[in-house]
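Each of the two complexes below includes chain A, the first together with chain B, the second together with chain C.
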Partner chain A sequence: MALTKNLAKQKLKEKKQKSFIAGIPITVWLFIIVLVPVFLMFVMSFRQKSGYEILNVFTISNYLEFFRNDTFWRLLLKSFRMAFMVSISAIITGYPLAYFVSRRLRRFRNLFYMLIITPLWVSYLVRIIAWRTILGNRGLINTALLNLGIIKEPLSIFLYNQASVVLTLTYIAIPFVFIPLYTALEKIPNNLIDAARDLGASEARTFINVIFPLSLPGLVTGFMLSFIIALGDYIIPAQLGGNAGIMYGNVVWAQFGGAFNWPFGAALGFILFFIAAVVLVIAQIFGSKEGIFAE
Partner chain B sequence: MLNVLLLKEKKKFKFPYLGIYSMLIYLFLYIPLIVVVLFSFSGTKSTVSFSSVTIKWYQELLKNSSLLSSLLHSLQVSLTAVFIAVIIGTSGAFFIVRANFPGKRLFITLAQLPIILPGIIIGIAMLIFFINLNIPLSMFTITMGHVSFTTPVIMFQVTSRLLRLGRTYEDAAKDLGANPIKTLFLVTIPMIKTAIIGGALLAFAMSFDEIIITYFLTGSWTTLPVFIYGMMRFGLSPQVYAISTVILFFSLIIIFFMARFTGTRAEELEVKK
Partner chain C sequence: MQENKLKMDENKLYINNNIPEARVTEETQIKLMAVSKVFQDFIAVDNINLDIKKGEFFSLLGPSGCGKTTTLRMIAGLENPSAGRIMLGGKDVTTIPAYRRDVNTVFQDYAIFPHMHVWDNIYFPLKMRKISRREAAPRIERMLKLVNMSDYAKRFSHQLSGGQRQRIALARALVNEPEALLLDEPLGALDFKLRIAMQTVLKDIQKDLGITFIYVTHDQTEAITMSDRIAVMRQGVVDQIGSPDDIYNKPATPFVASFIGEMNFIDGTVIKELADELIVKIGGFEVTCKKNEYNIKTGDDVLLSIRPEKVYVKPSDILDNEVKATLSRIVFRGDNYQVTTNIDSGELTSVIASKSLDISLNSNELITIGWNVEDARIFPIELKKYIINYK
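Then we have the complex of A and B:
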């Protein structure tokens, strides 16, 4: 008896060991790809550049510079505002869509679900090209207005401002808002809604008192995801923003390109990392528990 | 009977606001993509004019040797990155489903970071990492950058499949006398095969057009998106539309297959076989 017990124990141990062997590649990956680089970025943010050299010193002057020089934190605040507008617009478009697909459709539900997810995997760059084509000086809107005789000269108001950046970022963010909302809405049992209706609640009241509260975790996750995506982007502001639509990401990028100030860039990057981490923790606590990229 | 009739009567016609609003959003999502396709066939350089439909921009693509070599580079990077990610991601999925260890939740959250953090952070961090190690920017650095986000994509596809299947099939195989290796190759892998393929296709599609991380890790050796980004600096040429259309077309094919390989139906098929 004791022997079999021991044998079983040993087998369990072996099984466990095998699982841990399976964990080696992913652990190595986590260290090399995520933890060590982020740590080195943190270290770099305390260095100082002098000419084209990075000095081996330890100083907090990069962070002081960020708070002292109001261009940077003002730009961060502006990017916050823009990212906030992106999240709100993505929810205004994505919520009714998620509600429609998850609760109103039956036969073509999978097809319509896929139709929203698909743009997520279709080239990011192609979608930027598309919006530049629509909003540009010789773009679709201007051409249409010219041909209709409404305007005589092409208008430059559509491109190179904050609105064009927010619009394109919203376009990118819609699927990210849609997925967690869809998952949350789809899970609400029908009998809860039937019960509310039986008790005399109107459709609007059922929505406000039953459906909306149950979809809140999905809403939080969607909001946070699109916020982070919008806050960290630098390609879209560079392509559609012009001087007016520049965002925090562009300044970060500039430190590694033209400005060549890696330590300061690392500090700006770490500040962004810190903000993203805070947002993600909030999403973990209040948001839905499923990962967005799960099947 | 009367009751049913009464109920039916009560259900009066409602104007489908929600349906119409949703369809408008579908248009909003797809019209920009259609615009790109249409522009790629337009004969004139600047505006839309369908009087002259042409495929000459596609023919020019084939003559653009630097574009073709960047396409080849992209294929190399994506295939290598996905191959590495399949190995790390699949074994990682077994690890986080089967092993129990303290800090598991933190481990999973950290492993998700490359897909939920803004790409710019991973880009900066890896750039600093490679420069610290004196590794010059090359195909290697770009590929490592792509391994960062392809790995969790595949890992979480396989993870959710493993969680849904549970251990019953494997236990049955063992009860029937199969050794662990036999069980792995005859039971477990066939059942998660479609999740691996689906995850790999998704990862490939994401890797093939990635630019945010790649842009930090690119030296003179460029991938297709970086090359197109360079072309865009001189305005949107018809060639940009043509290559965009080609990319769109191939992404759609990949997504179509990915959709077939993932989801509940795929594994039911495998089990039935």
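Then we have the complex of A and C:
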């Protein structure tokens, strides 16, 4: 008895060792591609630019500058607001789509799924330029309105503002909201829906009381993904935002580019990184319903 | 046996002396009239008629894919019949959706909502009826007590064992006091001992509440021990509806005969017709059989069926039918022996007798086996193809 127990213990120990060894490559990989760059950026953020040189000193002046100059934190706040709007609109469009494809379609489910995620295969820049051709002065909307005789001059209200940035970011974010929502909705066992209906819930109440709560983990994941994508973006604001649509990402980008102030750019970047990480952790805590269907 | 049963009933009355013993009434509760269900090109249920009485424990029994679950789902309203009508308590409910039908289901894998704890799960049907939490509390308390789960109100599904989930599913389905409770193989996922215990729990609850139970199962023992009446289904049709006694002792078809319990089947030919008996030749022997609802004539090939426990090896009394057989195998099965013999140069197959083996038997010995006329039934040979053969 004691012998078999010891044997079992030893087996477990061996198994643990094995899984530890198996985990080494991925840990090293993660270390190289994620942790090292972040650490380097962190170090950079405490240095100082002087002319065209980066001095090897330790200073927190970059961080102080962020709080001293209200331009930066106001812009960060605005970016948060915009990213929030993007996530909400992406969910409003993505949820019905995911619900329809995962729970209503039978025959063409995979086809629709592929169609919805197809934009991910197309270059990011190409898709942005595509939206310029839709919203621009000689774009699709203006041409259509002109031809219909509704307007006489092309309208410039579609482009170079916050709305155009939010719209395009929403478009970019939809597949990232769709995929986790689809997965969450598809995983809901049919017999739970049957049970709800059997126990007196109409279709609407089944949705409110059973389907929606069970799709929350997917919803949270989708929200986080689109939020992170929107918060850090600088290409869309640069291309379609004009002055009004500028976002925090543009400022960070400017420090590494034109301004050649890498330490300050690193500090701004790290602030964004830190806040995004906090948001992720909070969302993870509230959204984590993992193993909900586990036996 | 009879004495024993009487004693048990007394005992029960003593425990639940304030609850009237539920009885099956003559009043029809659920009626299926010529109901069919077609899935694309597959006929799941083929023109069945059922008449289920109020307070009855009614089982739908059959192998997997026989349409029993589809039938249950049609009664629940989760599936629409392709043809026919379903009546519930005298009302036509054929087109009424599931959520407005006064029947509830216990699903095979329980379907406990994973995002609600036990209390909220049981509250769910009451919430759907717009009953406040405060008003619902005593009812839920009573239900939890009924299924012996009072201490588990705040647990979640994944913190419960299979048997506990089963009890919660039962409480949730019963809290609304439905006209009928539908159970879809509710014990299928439980291990043997627990299944036996839950059978008693279910039967007791059914008696105490006096609610009609419609019970879907593929387990013949379960159906026989628990039901008032059983409908045996095969490929979408009902082969027989009757009491467990009828189903076991007077199976209507070879399918029913083979599906329930163990059964011997022997081919034969009718050689002579008497007033209400037929003389059937099996191998080199002539045996007497009772005439039945099948219109079997002289010269017809027949299938003769006898329960193993009705076949006597080396009988001490003189039986109606006796044949000589070669002993080929004896298997000890705990409370009985399975004795296999070959009749007449191996032309006829196995015959099983299960009795305490107090007689000496040698392998390949030629012995007498026999049975009484009323214990055997004959069927037209065309029905042989419906025999379920698990070998």
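Everything below uses one rule, namely that the second predicted complex is superposed on the first by the 250 of 295 C-alpha atoms of A that agree within 3 Å, B and C clash if a C-alpha of one lies under 4 Å from a C-alpha of the other, contacts with A are read in each partner's own complex, and residues count from 1 in each chain.
In this text, a residue touches a chain if its C-beta (ideal position, glycine included) is under 8 Å from a C-beta of that chain, and two chains touch if they have at least 3 such contacts.
Keep in mind that what you see is a predicted model, and the values were worked out from it rather than measured.
Of the two partner chains placed around the shared chain by superposition, neither chain B nor chain C is touched by A:51.
Of the two partner chains placed by the overlay, neither chain B nor chain C lies in contact with A:258.
When the two complexes are overlaid on their common chain A, residue A:37 makes contact with chain B while staying clear of chain C. In the superposition on chain A, contact of A:199 is made with chain C only, not with chain B.
In the superposed pair of complexes, A:149 makes contact with neither chain B nor chain C.
Of the two partner chains placed around the shared chain by superposition, chain B is the only one that A:132 touches, whereas chain C remains out of contact.
Of the two partner chains, chain C is the only one touched by A:209; chain B is not. Contact comparison for chain A: of chain B and chain C, B touches the greater number of residues. Looking at chain A, you'll find residues 291-295 touch chain B in one structure and chain C in the other. Residues 76-78, 97-100, 103-105, 107-109, 111, 113-115, 124-125, 127-129, 158, 172-173, 176 of chain C are the ones that touch chain A when the two sit in their complex.
On chain B, the positions that touch chain A within their shared complex are 18-19, 21-22, 25-26, 28-30, 32-33, 35-36, 39, 46-48, 87-89, 91-92, 94-96, 98-99, 101, 107, 109-122, 124-129, 132, 144, 147-148, 151-153, 155-157, 159-161, 180, 195, 198, 202, 205-206, 208-212, 215-216, 225, 228-229, 232, 236, 240-241, 244, 247-248, 251-252, 254-255, 258-259, 262-263. Listing the residues of chain A that touch chain B in their complex gives 15-16, 18-20, 22-26, 29-30, 32-38, 40-41, 44, 93, 96-97, 99-101, 104, 112, 114-116, 118-119, 121-127, 129-134, 136, 138, 140, 143, 171, 174, 225, 228-229, 231-235, 239, 249, 252-253, 256, 262, 265-266, 269, 272-273, 276, 280, 284, 291-295. Of all residues in chain A, those touching chain C in their complex are 189, 191-192, 194-202, 205, 209-210, 213-214, 289, 291-295.
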